């Protein structure tokens, strides 16, 4: 599997930590990293000229089947964080991403997710051809 | 309009404040009161033998059109709060509730909401007969 | 009371609706408007060269005492919303804002909040001089 | 390391899925599982006669350093979920838990977390003696 750095394979977004996302400890609450990851990977999709909203409207839903996060250093209210996303693996039914959350170049957290493609009833189905097509020549190969 | 205290007209639930619901100030973040209100009014519906899930599955969606909250005293992590809900008014297309949030008898906040009944496309529609029927002899009259 | 349109009195931000912020009905869940309002008014503060984080670190906490929202039309996943904020009134201990949420020029919701200045123990205290000073010649007068 | 099933080592709570916790797909949004895990493990602590609020007030903060979740089957609005928590390992500075989320006996998700004990400045510190004492004869040994 080789991974190129083309559109849709690697992206970077900035997110400012909201007050409502902090907790009593004064930190960005750990559950919100999953929300940031989600925002980061859908933005990555947008780089390919696709939106997740369209995919879902066409009946191709991507459900999370696995996530892991390592928290190294806390993030605080009003911090501007960089979330780097990499498409690490794609199969006919599954998409894997890795993530890094940074503040001023310091790595605060890293994570990985696996998505599976399902239909509206929740049954596993192959990713649509137009999705795989769009990725061809750009995306990583197995 | 007379309001009786029968099932579906008045209810009370207990909610323990979650850590994730607090903010940097150490308080229950103010947006979460709306989530508590929602839980309180759907529990009220359950007292009538109805669930909001069923209503929605049958195509009767209740959307919020108005909310106001007065915050008098803060709530903290791990507090056990009482949320009292009263159905204050019902029309063929609208339902109004009022709320009180208390801790050990002290009033922390009060609020009011208006819901409108819409179909799946978001168009206003009358509340279903079986809903109004279920409420009859119990609910407030105009 | 006259309101000028200077920095700190009126502002506008863009927010893209996150997937996690939608609900089963497919809409931006109504509680999240309060989170957007909060982000909008802290951004307004930033226009004055102040951050809410600093204010809080110096012991001047702004707690919400009142909010009301009118929801006119729903917002959806991935929508880019404009949130317009106006400082409508300022007293020695209280700050009032109004808000408009728009999509492509269409008004989706409007709201208003009142903040009170408290110390770390939650007791009402006057807004700091440097805050009022910064606002002078810019802010609305009573 | 042997793990007994005593108080504080194993617990089970029920959580009803709130409307605000669902997403556009109609499912319990995946980030909320972390919030449920948090509620489950603080309830476990309560079985030992301790509350996390007290621990934090005494200056012993437990920060999440690692989480992983496997999502097997979706949860829906209004579902009553059972969250089973097990204390799987405890060291002088770290606490590990595993979790199972079930609906009517069906396993929907499982997860694991690692917490580290830090002081108010975020520096790693040993768990307090009274905490370890309370656990003695009950908790797992290394």
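In this document, chain identifiers A, B, C and D correspond to the written order of the chains, with residue numbering beginning at 1 in each.
Definition applied: a residue touches a chain if its C-beta (ideal position, glycine included) is under 8 Å from a C-beta of that chain, and two chains touch if they have at least 3 such contacts.
Just so you know, these numbers come straight off a predicted model, no measurement behind them.
More C-beta pairs touch across one of A-B and A-C than the other; that pair is A-C.
Remark: chain B and chain C have CA centroids separated by 25 Å (rounded to whole angstrom).
Chain geometry summary: the mean Cα position of chain A and that of chain B are 35 Å apart. In whole angstrom, the spacing between the mean C-alpha positions of chain A and chain C is 29.
Among the residues of chain A, those in touch with two or more other chains are 19-20, 24, 31, 34-35, 38, 77.
Interchain contacts join each chain to each other chain, per the touch definition above. Residue ranges on chain B touching chain A, taken from their complex, read 19-20, 22-24, 26, 29, 31, 77.
Contact residues of chain B toward chain D in the complex are 18-20, 34-35, 38-39, 42, 51-53, 76-78.
Residues 24-25, 27, 30-32, 34-35, 38, 56, 61, 63-72, 74, 122 of chain D are the ones that touch chain A when the two sit in their complex.
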